[in-house]
Structure formats: structure tokens, C-alpha cells
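These notes open a run of structures that come right after.
Across the two complexes that follow, chain A remains constant while its partner is chain B and subsequently chain C.
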Partner chain A sequence: MFDAVSSNLPFLMGGFWVTVKLAFFALAGGIPLGILVGLGRISRNKWVYYPVTFYVNVIRNIPLLLVIFWFYFVMPIIIGSPLDPFPSAVISFIIFEATYFGEILRAGYQSVSKGQIEAGYSTGLTYVQTTRYILIPIALRRMLPSMITQSIVTYQDTCLAFVIGLPEFVRRARIVDTLEVRSIQLFGFVAIVFFITCYIGSVISRRFEVREQEGG
Partner chain B sequence: MIQIKDMSKWYGDFQVLKDITEEIKQGQTVVVCGPSGSGKSTLLRCINGLEPFQKGEIFVDGVSVSDPATNLYKLRTEIGMVFQRFELYPHMTAIQNITLAPMKARSKPRKEAEAKAMELLQRVGIPDKAHEYPANLSGGQQQRVAIARSLVMEPKIMMFDEPTSALDPEMIKEVLDVMIGLSKGGMTMIVVTHEMGFAREVSDEIIFMDEGMIIERGTDISFFQKPKNPRTKEFLDKILI
Partner chain C sequence: MGLAYEFDWGVLWRNPYGMYLLQGIWVTIKLGLIGWAIALSLGVLIGTVRISPWRWLRLIGTAYVEIFRNIPFMVQLFFWYYAGPMLFGEALQYRINSIIGLNYYVAIIALGMYTASRVAEHTRAGFSAISRDHYYAALSTGLTHPQMYRHVIIPYALRIIIPPLTTEFLTIFKNSSIAMTIGVLETTFMSYKIDSETFHGLESTTGACLIYLALGLVVVRLMGILESRLKIPGMIGR
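Then we have the complex of A and B:
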């Protein structure tokens, strides 16, 4: 029943590995850049705030697919040499996801009540101590479930790199399908693999949400 | 203990506090009341330097709050502050909320800080809640933890900013009882509240503020019986049933 999958398993799993690598690099770059973006969004310095806000608003209002396209087709014109699909996709994802991670950080920061910070100050804690023991731990706890969810979304979105010819999981399933014509079986297999990996992620995310409610 | 001289504060063009002059002596309890937006909370926040002000002076125990040379962090350990919305740290248990400042701002060893915290939890009547997170405590219990969190720094002054306004009616008394105990124990206190029963029982002076000014002050009896200003009378008629 799964003959088309089993006879092409190494090829398909090679594509899965490309997907995992792409997601890994997208997050490894997107989260740190997102932290900078988030800090820029809460900055009181207008030379930081306005450019960062402009960047966030532009990117968040463009479909990811277009960001990937644009980067892949326009960048070579600007820099004068063609880009490989993989680094091109990684950079597109980092640029795109950083805006979402940045907004999660901003929301987490703003969810900490001003009063909790002032409570820290009013007991004689310094700025650094208040930030270290009150602001960051509270914001981080609020942010974590959204960060995990956004990471799962990023992982799912990696299959959009399909459009620039990156041989990731879905593209490889498509290649096998053109030869073997077993669409339901092949894309069913891809869906199951995505489902299992994402489900594990969402279970982890939910555990953090429960912890937050308990206060621990 | 606290001297405020001709103090004014603006937010941009808007003047929130106008020429406030007030003296609070050691051991006194002063109640501040007035309609919302009258500047009561802002006044408290200026006293411990959480908000800057542009004119006049405030001295706490002889130290100027607005002097750039003043160590505000040290000054604030002398002034406890209790907030309307408790503002406990949600990621810490009751006892951790209390021990954070002594351990970090005063470098007290954990054992010593915890012993002191337990003593205070006993005093506010909830030693059994020491290891609960704020989310598992009632409003009244949270506010009592917040009071203990301020007291642990052994402040000379306690400020309360509408400490019972966010509480369900049946929990107001347990918080007021703790505050009455403090006042009778000789703590210098400034309390923003509309609990006139509390004001009657422990206050040495009541101040009525409106539109950033102190428009009436008096000892409890004169204040309630013969308010001079029609605004005060109007306000009292609204809050006293």
C-alpha cells in the first residue's frame, strides 16, 4: 500500500532533512534577529523605533511566498550573481520570521504590568535587578507558548521554498509523484510526517501554557 | 518625616499637581482622598521618586527626593509601597515575593530573609500560604502578601495607593485590619483610600485633593462634620451613605 513511499524512502527522507535544516536555520537566525526587532519596537529612540517599525509593517503585510520569490529573483539582480535556493530561502525566512518573533517579544514585554516593575523599584531593587528578576522572567513565560507556536508555523512554512525549486520534503514528494503517480499516498505520507512532528511541538507548547496558568 | 514644599508636577502641558505643601510627622497616619484623576497616586509616586516633579521639594527623613545626588534605590527601601492591583510577581511564591528584595537589594542570606518573611506572613495572618503562587490566592491574601513584601525592608514609611479598591467587599476588612495594626503600632503612613471608616479610626489628618490641589485638610472630626469647601462636602456626600 505504501509501495511508492517505501521504494523512494531515502530520497523522500532526504527532502525531509532539507526541510528540517531549513527550519533550523530559519529559527536560529529568525529568533535572535526577532529579539533585536522586538527591542527596537519597544525602544524610545525614534531613530531605532521608526525604521524597525517600518520594516515590521512592510514584511508583515507581504505574503511569505512573495518574500521568498522577491529575494530569490531580485537579489541576484542587485548583487550581480545568482543565489542558491537554500541560502536564499534561509535568508527570506529569517527576514520574515524575525518580524513575527519581534512582535511576540514586544507583546510579552508589554504584558508585564508597569506596577510589577514599580513594585520592584519601590522595594529598592535597581534597574538591572528589576529587569533580571522581574521583567525578563515574567515576559519570557508569557512569550514561550507563542514562540513555540510560531516556530511550528515556521517549520510548516518551509515547504513554501518549493516555489524556488528547493528540493525539500514536499518538492521531493512531487518529484516522485510525477514518476509514480501516487499522489494520495505520497502527499498523505508527507502530511503524516508533518502532523506527527508538529503535534509533538504543540503538546510541548501546551505544557508551557498550563505552567503559566498555575503560576509556576 | 515627610516634608513637601510647594511641589508641582506637569505631564507635558498638563499640570497634575499644584503647589502641594504638606508635612507628615513620624508615627502619623494621613489619609488622602478625592475624586479619580485628582493627583493622589501621582503624589505618592513622587514621594518615592518613581515619578519626577518639576517644582518644589520633597524631603523624606531629611533627604531630598529630587536631588540628583540622592540614592533613590536606598531611599525607596525606607518607603514601602502597596498598590491597588497588588502587583505581586506572578512567577514567584508568596515567600519568594517577599524575600526577593532583602536578598538582592540588601544581600541578606536566604535563611535569614525567609525567617523574616515567615514572621511577616504570620503578622498578616497567612503563614500557611507561604508557598502558594499569587494566582492561587484571593485578592485579600495577595494584598496582605504585598504588604508583607513592603514591610520586609523595614521601611520608616508605608504608602498605600487605594489598597482595597480592587477587593471584593468581604476581603476589605482583612486588609484594613492589617493596616490598622500597623498604624497603631506607630508606623508613619500615607493612605490613599475612600474607606472613611478606616480614616475615622486611625488617621491623624485627612487631606482632600481635587484637580491636583489640596483643597481641604482636617483632623477626622472637623473634616467629616464641618467641611469648609463645598467640593469636599459634595464628595463626602457621594462616598458616605
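Then we have the complex of A and C:
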């Protein structure tokens, strides 16, 4: 029944590996940048606040697909030579997802009580130390369920790199499909793999949510 | 050196490219609005079903939401477009594939069904924000269960969830760009088409970005008006 899938399994799973790698790099860059973006969004310095807010509001109102295209077109102009789809996709995902992680973390930062920050200062910590050792760890822990959910969304989003010709999971399924015309099983297989991996992620996220509530 | 690139912003309005973009905007608006009509009606229905007293209905609602949320929209689109007609069997398959503008219809339905799963989650959250007393009060005045939902709970819940629905309404326009992967001639597709004809993709995609930003501003404005019109008296204003 799954003949087209099983006979092309190494090729398809190679594509799945590209998808996983892309998601990994997107998160490895997007979360740290998101931490900074979130700090910028609560900054009292208007030279930080306004540019960061502008960046977040613009990117969040543009489809990810266009961001991917835009970087694919702009990178060759900046570096002077054509860029592979993979690094180009990684850059666009980092820039795009950082705004979403940033907004989640902004809510996290704002949930940290003033008393805790002042306690940090009163023990002699500097602004950077207070942020590094008190604000960021508390916000990250509190926002963990939302962070996991957004990570799942990022993982799902990676398939959009399809449009710049990256041979990821869906692109490879499409290639096999044009040769063998087994759309039901091929896209069914892709859908099942995504469903299982994302479902596991959402169960983990929910578990953290429950733990957070129990911890008070 | 990359500085050799010469900008040509004329691709945004010069004939025929300006027309391409206008056609694209029109298709984006149609995809968003019709998809939204499907998403809202189906989503509210599924959200209601998920809190109904009947176990089997709840199970179907939960399954729907989990399936549509955990599969990327582009994969759903490909499944409906490429595999969908095959599900109807040999004879019908060719009839369906010969429908003119099939990709357009598939995109609208897929967009509506996908967004419905998200609307359903917001609807459910809206229901749980309504206190139990409202349910009891409605039932004690002699309303049946369906009447209670129709006249008391749903109108109430819908107003509570207008802010998250605004976000979803914005998202449906953004997600409609993914329809280009099955060849629907919407804004993103058109900006890409301009690139393939002029090699000025940077200008055309920048133009498309501005179009989406403008569309987003209009939607936020309209939903803001709607929200203030439908405000529930006595609730904390925003």
C-alpha cells in the first residue's frame, strides 16, 4: 500500500533530515535573537524601543513566504554572489521567528515582578547581570509552554523553504509524486510524519503548562 | 561586487506589471474573505461541539482540531490538491481535475478548514470565559440546549473573542500567500512572476510586503470599529 513511500524511503527521509536541520538552525538563532528582541520591546531607551518595535510590527504583518523570497533576492546583492537556498532560508527563519519569540518573551519579562528586579539591584548586580541572571531565566521558565508551541510552529513553517527550491521533506515528496503519481500515500506519509512529531511536541508543551500551574 | 545591482522600482506600476499586482491583490482579498467565511462558521461550530455534553461529538471536534493544527498548511494544501481528486475514484477523478480554477477552489476550502481549527480553539476559550451562571440562567428560563447556545452563549462568546479573531483574520491573509505553491495567482505569486520576467524580484517582493502591510492596517482598523460597536455594556473597555 505504501510502495511509493517504501521504495523511496532513503530519499524522503533525507528530505526530513534537511527539514529537521533547518528547524534546528532556525531555533538556535531565532530564540537568542528573540530574547534580545523581547528586551528591546520593554526598553525605556527610545533609540532601542522604536527601531525594535518597528522591526517586530513590520515582520509580523508580512507572510513568511515573502520574507523567504525577499532574503533570497536581497542576499546576493549584499554579499555579491548567489547564496544557496539553505543559508538563505536559515537567515529568513531566524529574522522572522525572532519577532514571535520576542513577543512571547516580552510578556514573560513583564510578568516578572518589580520586587525581584529591585532585589537584584540591591545585592549590587548591574543591569546586565540582573537581566542575565534574574529577568531572562524567570521569563524563559514561565513562558516555556508558549516557547515550545512556537518551536512547533517554526518546525512546521520550515516546509515553506520549498518555494526557493530547497530539497526538504515536502519538496522531495513532490519530486517523487511527479514521477510516480502516488499523491495519496506520499502526501499522506508526509502529513502523518508531521502529525506525529508535532503531536508529541504539543503533549510535552501541555505537560509543562500543568506543572507550571501546580507550582503556583 | 553586489553594488552593481541597479534598482528599478518601475516594475511596481509599469505595464503590465502593475496590473499583475492589482490582480494579485484582488485574488488575495477574495481568498482571505471567502476563506474567513468558511473558517468562522465551521470554527464556531467545532468549538461549540467541543464543549457539548455528547462524548462522541466532542471526540470528533478534538480530532478535527488536532489533525488540522499538527500538519503544516502547505502539506494540507498539497494533499487536497494532488491527492484530493484521487480520493473520489477513477471515474470522478478526471472530471474533478478538469474543473477550471480547481487550484483556486482548493486553496479557499483548505484555507477555511485550516483556519477553522484555530477559530475553534479560540471559541472554546471564549466559552470557558463565560461563567456557569449564564448557562444555568438560560436553561432555567426554559430554553433548550441548542436555543441556549444560539441566543445566549454564542453571541456572548463571539464578542469576548474578537481580539484573538482579529489576529486570525490577519493570519488568513498572510497564509493565503501559500496558495501560490499550487499556482494560485495571488499577490506573492505575482511578485514572483514579475521577478521571473524582469529579474527585479527585490523590488517586486518589497512592493508585495507593502501591500500586505497596508491590508493588515485596514483589517485592524475595521476590526477595531467592529469591536467598539459590539462592546458588551458593563465589561471593562480596552
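Throughout what follows, the second predicted complex is superposed on the first by the 186 of 216 C-alpha atoms of A that agree within 3 Å, B and C clash if a C-alpha of one lies under 4 Å from a C-alpha of the other, contacts with A are read in each partner's own complex, and residues count from 1 in each chain.
Throughout what follows, a residue touches a chain if its C-beta (ideal position, glycine included) is under 8 Å from a C-beta of that chain, and two chains touch if they have at least 3 such contacts.
All of these numbers come straight from a predicted model, not from anything done at the bench.
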Contacts of A:Ile138 with chain B and chain C, given as first, second, both or neither: first
First (chain B), second (chain C), both or neither touched by A:Phe2: neither
Which of chain B and chain C A:Gln129 touches, first, second, both or neither: first
Chain B versus chain C as contact partner of A:Glu118, first or second or both or neither: first
First (chain B), second (chain C), both or neither touched by A:Asp177: second
Per-residue touch tally on chain A - higher for chain B or for chain C: C
Shared chain A contacts, counted only where both chain B and chain C touch the same residue: none
Parts of chain A lying in touch with chain C, wherever the complex brings them together: 58, 61-66, 69-70, 72-74, 76-81, 156-157, 159-160, 162-163, 170, 173-174, 177, 183-184, 186-188, 190-191, 194-195, 198-199, 202
Contact set on chain C toward chain A in their complex: 1-3, 5, 66-67, 69-76, 78-79, 82-83, 86-87, 170, 173-175, 177-178, 180-181, 188, 191-192, 195, 201-202, 205-206, 208-209, 212-213, 216
Sites on chain B touched by chain A in the complex: 45, 48, 50, 73-74, 76-77, 79-81, 83, 85, 87-91, 100-101, 104-106, 133-136, 146, 149-150, 152-153
Interfacial residue positions of chain A with respect to chain B in the complex: 113, 115-116, 118-126, 129, 133-134, 137-138, 141, 213-216
